[in-house]
Each structure stands twice: as C-alpha cells, then as structure tokens.
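By written order: A, B, C and D. Residues from 1 in each chain.
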Amino acid sequence: MEAVAEKPLTIPGFPRPLKNHEMIVNMGPQHPSTHGVLRLELIVDGEVIVDMIPHIGYLHRCFEKHAEYMSNYQQVIPYCDRMDYIAAMSNDLGYAIACETMLGIKVPERVEYIRVIMAELQRIASHLLAIGTFGMDIGAFTPFLYCFRDRERILDLFEQTCGARLLYNYIWIGGLSHDVPPDFAGKVADFCTSFKPTIKELNSLLTHNKIFVERTAHVGVLQADVAVNYGASGPVLRGSGVEWDLRRNDPYSIYDRFEFDIPVGRGEVGTVGDCWDRYIVRVREMEQSLRILEQAIGQIPEGNVQSAIPKRIRPDSADLYVRTETPKGELGYYIVADGTTSPSRVKVRPPTFVNLSILPAMSRGAMIADVIAILGSIDIVLGEVDR
Amino acid sequence: MGRYFKNIFDAVRTILIGMRITARHLFTPSVTIQYPDVKLKLPARARNRLYVNMDDCIGCDQCSMACPVNCITIETIKSTSDVDLGVTSVGSKKRLYVPVFDIDIAKCCYCGLCVYPCPTECIKMTEVFEFSEYERENLIYNFATMTPAEVDDAKRKLAASESTAATKPAPASRGTNS
Amino acid sequence: MKELLVDLLGNELLVYVLMAFVPLLWILPFALFAVWWERKIAAHMQDRLGPMRTGGWHGWAQTIADILKLIQKEDIIPTAADRLLFSLAPFVVFIGAYTAFAAIPFSAAYVGTEINIGLFYIIAVSSFVVIGLLMAGWSSNNKWSLFGAMRSAAQVVSYEIPIALTLLAVVMIVGSFDLQEINRAQSGSILNWFIFQKFPLLFAAALIYFVASLAEVNRTPFDIPEAESELVAGYHTEYGGMKFALFFLAEYANMFAVSIIAATVFLGGWNSPFGEALSGPLWGVFWVLSKSMGFVFVQMWLRWTLPRLRVDQLMYVGWKVLIPFSFVIILGVGFWVLLEG
Amino acid sequence: MIPQEILDTLIKQFPGVTFELKKAGSGDPSILVPPDRILDVSRFLRDDDRMAFDSLMCLSGVDYTGGRMGVVYHLDSMTKRHKVTLKVEVSDDQPECQSVESVWKTANWHEREAFDLFGIRFAGHPDLRRILLPDDWVGHPLRKDYELPEYYRGMKVPY
C-alpha cells in the first residue's frame, strides 16, 4: 500500500501520465467476460472508464506463417477453420472462394447451393452463440443455454454432413469434401420451422426485457461515420444504421439469387448504434438466414460436389483480395501466389480484429459494466483476432 | 412523469413475461443426456480417432504429406525382388516394408485430409472418441506390425541387394514414394 | 419454550447456549439443500438436468460432496492481503446473517429471544453484513474485490431504507416491533395476513420489501457486488476453501432470513392459511418454513430469468423508485390507521 | 470507376509523382504509389467526391523477397461502389512508409500488425507497438529471411 509511485505512472499506449485518482485495472487475460484471452488495460476513475488499451496476441498461432509453410493450398483450410472457430464454415468458404477466383474455377451449381446453406446455418449458429454470450455478459444465464440448445441442432446437421461438429474442413477448393446426406434438405427444413418459435421466445425472455434494454440501450454508441472510418463490418456496422452487407453489396457465390433483407439498427429503444441495436441486428439476421435457407433448400440441383481441379493447385503468380460476409463481418483473404504450390502470403483481414479496435473509442466514459456489454455486443472471437 | 410510471410498468410486465417462460421450461423435459451412461450414436461420417489397416498399407506416404500438422511419420524399406509382400485388398501390389507408421494423435487435428489421398483406403477415421491417456507418450500410436528382427532382416536384405546392384549397372529402381 | 427448557435442564446459561445453536441446526441443512435445489431449478429452467450422479437420486448428495471438498481445500491467504481482516471477514458476514435468527419466531411457541423490538433488532444486525463485505473486499488487496465491496456497501446501505420503511408500515398497524405480536395480529383467517390488508398499500409494501431484500442479499438482478461476468467474483474473489464456504453459507442464510421475515410480516408467519385448522406449534413451524421456502424459490426463479442491473441503475431503482413508493405507502397507511381510529 | 480512371485522376492530381498500374494473372489490378506520397494520395482518395474511398478494407505487409517489401492497401468506396488496390514498395533493409492512420482509423491496428510481423515502420503512427507478438520478441517473423530463434526467455521455441 505504501508503494504509491512518487513519479506519475506512464503506460505504453496511453498518451499522458496517470493522474492521482486514476487506477489501472487489468481485465483479462483470464476474465469471465473477455470471451477468450483478451487483456484490456482499463484506466478507470472509480467505475468510469477513462481510457482502455487492448492487448491482444495471447492466442496468436501464426496462421499466416503456417499458411506460407504448407505444402499445398488445400492444407491451409484446417487452419482457416481454427481462426473463427465459432463459424468455421464461413472461414473456409472465404478461403475457397479466394483460391477459386485465383484459379478461375467455376464450381458446380450443387456446390454453390450447399455452400450457401452451410454458410447460413453457420451464421445462425454463430449468432446464437453471440446472442447467448451477450446475454450472459449482461447477467442472464438462461437464454445462453437456450441458444446453445438450438446451436447444437445445427452442429448435429454439420456432423451428419462432414463428421465434425466444430472444425469442419468441409468446403474445399473447387468443391466440398462430402455430399450432403440424403435427408439433409428435410432436416434443414425441420430446423427452420422449429427454430422460428425459439426466436420469439428469446425475444420475450431477453430482447424486450426491461433490465436488458436498460443495460444495452444508449450504451456504447457507435456513430455510422466513425464505424465506417474504423472499418467496422458485419452486425457492428449494420447496428450503426449502415445498410451494408457483402452478400448484397458485393455478391459472392450465388447470394444474388436469394431474397433477403438487411436488418439495420434503427435506435428503437435507444440511440442508433448502441449495444441493443447491434444485438437486434443479429436476431433479425437469423430470421433472414432462415429465409435464405428456405429458398435454397428447395432449389438444390443434382450434380457433382467436386469440380475437376488438379491435385496440386499451382496458381500463376498473382495477388488478390477476396472478401466474404461471415457472421462477424467482412472476412478478407489477401493471397499472394508466387507460382508454387503453396501461397507466398496469406493475409487475413479478420472482421473481429478490426471491430475490436473500435472498443476503446466506444468505451471511453462508460462504466466497467458497460465495457462488458460493449465487448459482448461486438462479438469477438479471439481465435480470429489473434490468428 | 408518465415515462417514469411506464418504465416501472414495463419492468414489471417484462419480468413477469420472462418468469412465465422460465417457469414453463421448468416442466419441459430436458435436452441433455447422462453422457457416460447414455451415448448418442455418432453419424457414419464422424471424424475421430485415426485407424490404419497395416495389411493394406503400401507405404506410399501420401497421407503423411497431406497432413497439415505433420502428425504422421512413415518410414519404408524397399523390398527386394525375391520377396512377395502380397497384395492389398484393392489389388495393388505392396513393394515396401513399413517398419514405422506412427500417428501422434495428440497433434492430429481431425481434418481428415489424410483419408482422401490414400490409394488403398487403409487409413480412416473411426467413431472412437474416448481415448484420453495419462501419459502423452501413449498418444503416439504405432501401427507398424514389423518386429525389430524383421526390420533388421529387411534392411540387411536391401543392403545386400543394393551392394550387388551397385556392382552391375542395373536400371534405377524407383519406389512408389513420389 | 425457554422457561420450559430452564425447568428441564436447570441451568439458564446452558439453555442459552443450546438455543443459540438451534438456528444452525436449520441453516446448515437448509444451505446444503438450497444450493442443490437452486442448481436443480436452474438446470430444469435451462432444459438441463443438473447434478445427477452423486448420491444416486438426482444427485441429492452433490452439495454434501462439495462441502467435503471445500473443507479439505488448502486455506490460502494471498501474500498481499491483510491477514487479520481477511480471515475475520467471512465470520463477520456469517455472524451478521446468523444473529438475525435470534429474534425470528419459528412458531408460536418458539422464538430465540422474545424481545419487543425484534424487527428493529433484525434490521439493525443485518446491516452488520456490509462491514464484513467491506472487510473482505478491502483486505483481499485486489481491485476487483474492492469494486465488489464498494458496490455492495452502496447497495446494502441504500436498500435498507426501503426495507425499513415497508416494515414500518406494518409496525404502524400492529403498533409493536415484536414479531410474535405481528404474527398474532394476522391470525384467524388468511384475509388477516398483512399482504391482503389495506389493499393495495400493503401488497405494494410486500412487493417493495421483496425487491429490496433481493438487493440486500445480493441476488439477481441486484447481484452486482459479485457479478461474475464483470467482477469475476466480487468481494470473495480471493477466497477459497472453508472461508469461501462461509460466505456461501452466509448468503443462503441471508436469503432465508429475509424470506422468513417476509413470510412473518406479510404472509402471516406461523399462521395457517386455513384459519384455525392445521394450526399449532408444530404446524406453525411447517407453515412459516414453507412460506419462506416459497420466497426462496421466487428468488431463485428470478435469478435464472433476469439479467443484472448496472450500478447506477441499481441506485436509481433504490432511491428513485423504491424509496418514494415506500414513503407513499407509509403515508397512506398512516392516514388509514388514523382514520380507522 | 475502374482502376484506370482512378490512375488518370491521380496522375492529374499529383503531377510529378510516378504512379504505375499493375495487373498480374487473375489478380486485382493495383496502383503503385511512392511510399512518401501515400498519405497525400490516401487523403485525396478519401476526400475527393469522385473517389470517396471511405473505407480501408485491408492493409497488408508483404515480403516480395529480393530486397523488396510492400504494403498493400485495399480501398473500398461504400457510396460509389468501387474498389482499388494501392501498393507501396519499400526496401528490405530500411522499410519505412507513411502512416495512413489519420485517414482511416482501421489502419491503426493493421499498421501495428505489419510493423510487428514485417518490421515496416509507419511514420506518423501514434502508437507503433507490437500487437500480436510479445513486446520483447526479436525479429519480424513474416519476413522471408526470418530465422526461428532457439529460445525465447529460456523456453525452447521449436517444440
């Protein structure tokens, strides 16, 4: 206690020396609500956040270095799975599309439809987890388990298709690893019908709960222009009222064939761009994903699930950036090929890495409990932030 | 002032709605199962522990090369022309002894990439998922069936045939290991 | 009851000591049961099963196994902690929760100390808890603990006001702080229970008392002192083993204490809901315990339904909602009593 | 607007600066910008009404080997719906480039990452620290000439 520093304390990343009444609180790397090993150095005045310095990299697994050292392009996919392990399908999809664009491959129609179905199921699964953990951050434990219950049903579908529940390695360059099981479409349809009442229940239990609204409305407001300047994407950007979804605005795969709306935050219970808006965007996106699923399952054509590609992919030296809309936002792969069988550089633009960089700007002036809410509303996955 | 009372009213109303939902769930059957006593049947495609049928392995090293985490170690010894190692169940002729076929299942990432390139379909992922061990060494699975004596024997034979081959200009014999 | 025992044993001091242990005989099994019960309720509300293995039938022995484990654990005191305060704090908290039981009437025949300011005494000693929480938070020398302690101090002190005010409304009607007196005033019929009298004033008072008592015992939605998603575990972050168990015990003892007060003051205490039928000293124990268990159940039910409030919203609810309403109730009840003569 | 038009506008706007349009194979076409003008160019691209590149999708460091390293900027205009790729080439031994953090805040963490993994110094960056690796890590691992250290704080690095 007597070791109060005589000279003012300076912190890397914080522009000025600490004032006397300010205190540093380390939130993380081991903390129940940092969704992994994220460390937030909070500079607080009582319970009010003066500034925050995020420290990431605790889960850095050298994805980009690994990708360069793989002996072929295909081997990168299991590593892509492990970036955003909550939405591994979407990660694989982005990488596969990037490689296919580079090789100029057109995948069969059946593959495109199955990919869209998988990506949308994955979006629902990921949003369920995001919503559930967000509720738990606010203190509601029960919705979390209801969300997990339904997420398990999606994972069951995935397991029946590709044998894995979390890290699928299902979407391959030029196709898929397996065809879907025979009764897949029926099961997805069953899921769609039975999932709708659950969303309603979730809405009455959590979304419109007064305490939940009080905790999230007007908290962590992110203005649209700030969001764009910070490069926010996904529900974080749409929560700020920007109608921007790559599935619509920069269509990839066959998303231009489906009808769906882009839900945006409208500030129904608070300010546009607050935590509740980001949350409700996710809930409504699940409904839209169900719409896409219902359209897609009826149209799956027959056909092959692997296009004829060489065993060893060897693209010409080129570089390109391909982006897809994962549940968390814009996932970009910048791939530099040098004419060999392995990529020379794979840079990933993880959506949550960028979204997380807005956290200090959103949290200044908020309270400690709000930081938890804001962090939960961004929906980070540290596997992807740190790669 | 109206807002004040509306807030209180909303709070009470939404809390009661929430309580109704949780109370209803109190009497719905639970979705969890008692795991070690009750087990779900895994789908046929479940990707879990790797298994290698050594009778069919031709030592081609394809699985090892496909592995993104290098968890498969294969060593081969060329057989001499006088030995017949038999054929695999799909009919390809075995030309290599496989004295070492180790899978470090602790490193394995269960991606299944090793299964597809195998020409004889001898490596596959099984449904076994309960195989935790107390010692890390126990997770290195040795699939090779050759005894040390057999390995030595094969090596000696190969060395002998190579030394004879070196004396006369024989056509370079290439293994399937490409 | 006391006189009876004094006659039986012939030693007044021995009787006092014995009677001091009687609530413990109830609190310990209750805590063990309530923890298991809460886990079961939580599980079934969440479509799970909860503990199922220990002890056979629905894991009934789970909490006994837990407490045995906690007893065996090493007693760790962080080097940077203030050793004396750190070790003392759980006891202070538990004493605060336990002493309240001295004045709680379990039956028409049994009350630990029949003092004529029983209710006043309970309100006074239950604020003892906050000292323990502050001690725990401060002595842990952990910023999260300190946050938890500061929050709980602010919370408990604020919410004692609506608690005291709503209880005061009943006291005004009965004209006594004596809990047995309050019980007797509600006897006869279910309609004599205070929750149904002077409708809706005392009904609202009961509601306010219940909400405020949730905050008093740090239950959701007012569990911010130990909000596990924010403050890790609040003031007991650094505690383990038996010391942690004591905090836990105190929490459940407190839960039960506020519930039994609610049952006594508003729901007729040991009075049977069927008038004179099924009443008597033992039936009294049954009625008061089941009423308070009902309150405990609602506390658990709320916990697994609701999110938690933020610290400033908690203060808002306390000072701007509950306290003004309690004043209105006091005023209304006062006039009502005055007009009735 | 296609990259060629953007290039023409840039040449008109910045006389005396050499820009170069490149396209390799199936890749994206890109405009090569000198490292000391990238800030001006970025600001122009963001603020000019015809361009309106309001968002920086991605900023990546690349080691091209042979003494050349690069920074690649993928810009996107959400209002005009067009994209462009800017490239900056720097030398291997003294990689230094202007920071565009003041133009797009996204660049803050991306530039820290490029500094961390490639050692490219971004002049004018407010807080250029390592981001993914530990603060005391030696070297910049994504460079092609990077050699894995034997030990890090007494721990053996290759397991």
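Here, a contact is a pair of C-beta atoms (placed from the backbone, for glycine too) under 8 Å apart; a residue touches a chain by one contact, two chains touch by 3 or more.
As the structure is a computational prediction, the values presented were derived from the model and not from experiment.
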(message) If you apply the touch rule, which chains end up adjacent to both chain A and chain C?
(response) B
(message) Among all chains, whose Cα centre is located farthest from the one for chain D?
(response) C
(request) Any chance you could check whether A-D or A-B wins on number of contacting C-beta pairs? (result) A-D
(request) Using mean C-alpha positions as chain centres, tell me how far chain C is from chain D in Å, no decimals. (result) 62
(request) Report the inter-chain centroid distance for chain A and chain D in whole angstrom, where each centroid is the mean of the CA atoms. (result) 24
(message) Just the number, please: Cα centre separation of chain A and chain B in whole Å.
(response) 29
(message) Quick check: how many Å separate the C-alpha centres of chain B and chain C?
(response) 56
(message) If I count partner chains per residue in chain A, which residues reach a count of at least 2?
(response) 142, 149, 205-206, 209, 211
(request) Scan chain C for residues touching two or more other chains and write them down. (result) 45-48, 304-306
(message) How do the chains pair up in terms of touching? List each pair.
(response) A-B, A-C, A-D, B-C
(message) Give the list of chain B residues in touch with chain A in this complex.
(response) 7, 10-11, 13-15, 17-18, 21-22, 25, 31, 42-43, 45-47, 65-69, 109-113, 116, 125
(request) Under the touch definition given earlier, write down the residues of chain A that touch chain D in their complex. (result) 12-13, 56-57, 60, 62, 64-65, 68, 101-104, 226, 228-231, 242, 244, 249, 315-321, 323, 330, 332, 334, 336-337, 345, 347, 349, 353-354, 356-358, 361, 386-387
(request) Please name which positions on chain C make contact with chain B in the complex. (result) 41, 43-49, 52, 301-302, 304-306, 321
(request) Sort out for me which residues of chain B touch chain C in the complex. (result) 8, 15, 18-19, 21-23, 25-32, 34
(request) In the complex, go through chain D and note every residue touching chain A. (result) 24-28, 30, 54-58, 60-63, 72, 74, 78, 81, 85, 104-106, 108-110, 117, 127, 129-134, 141-142
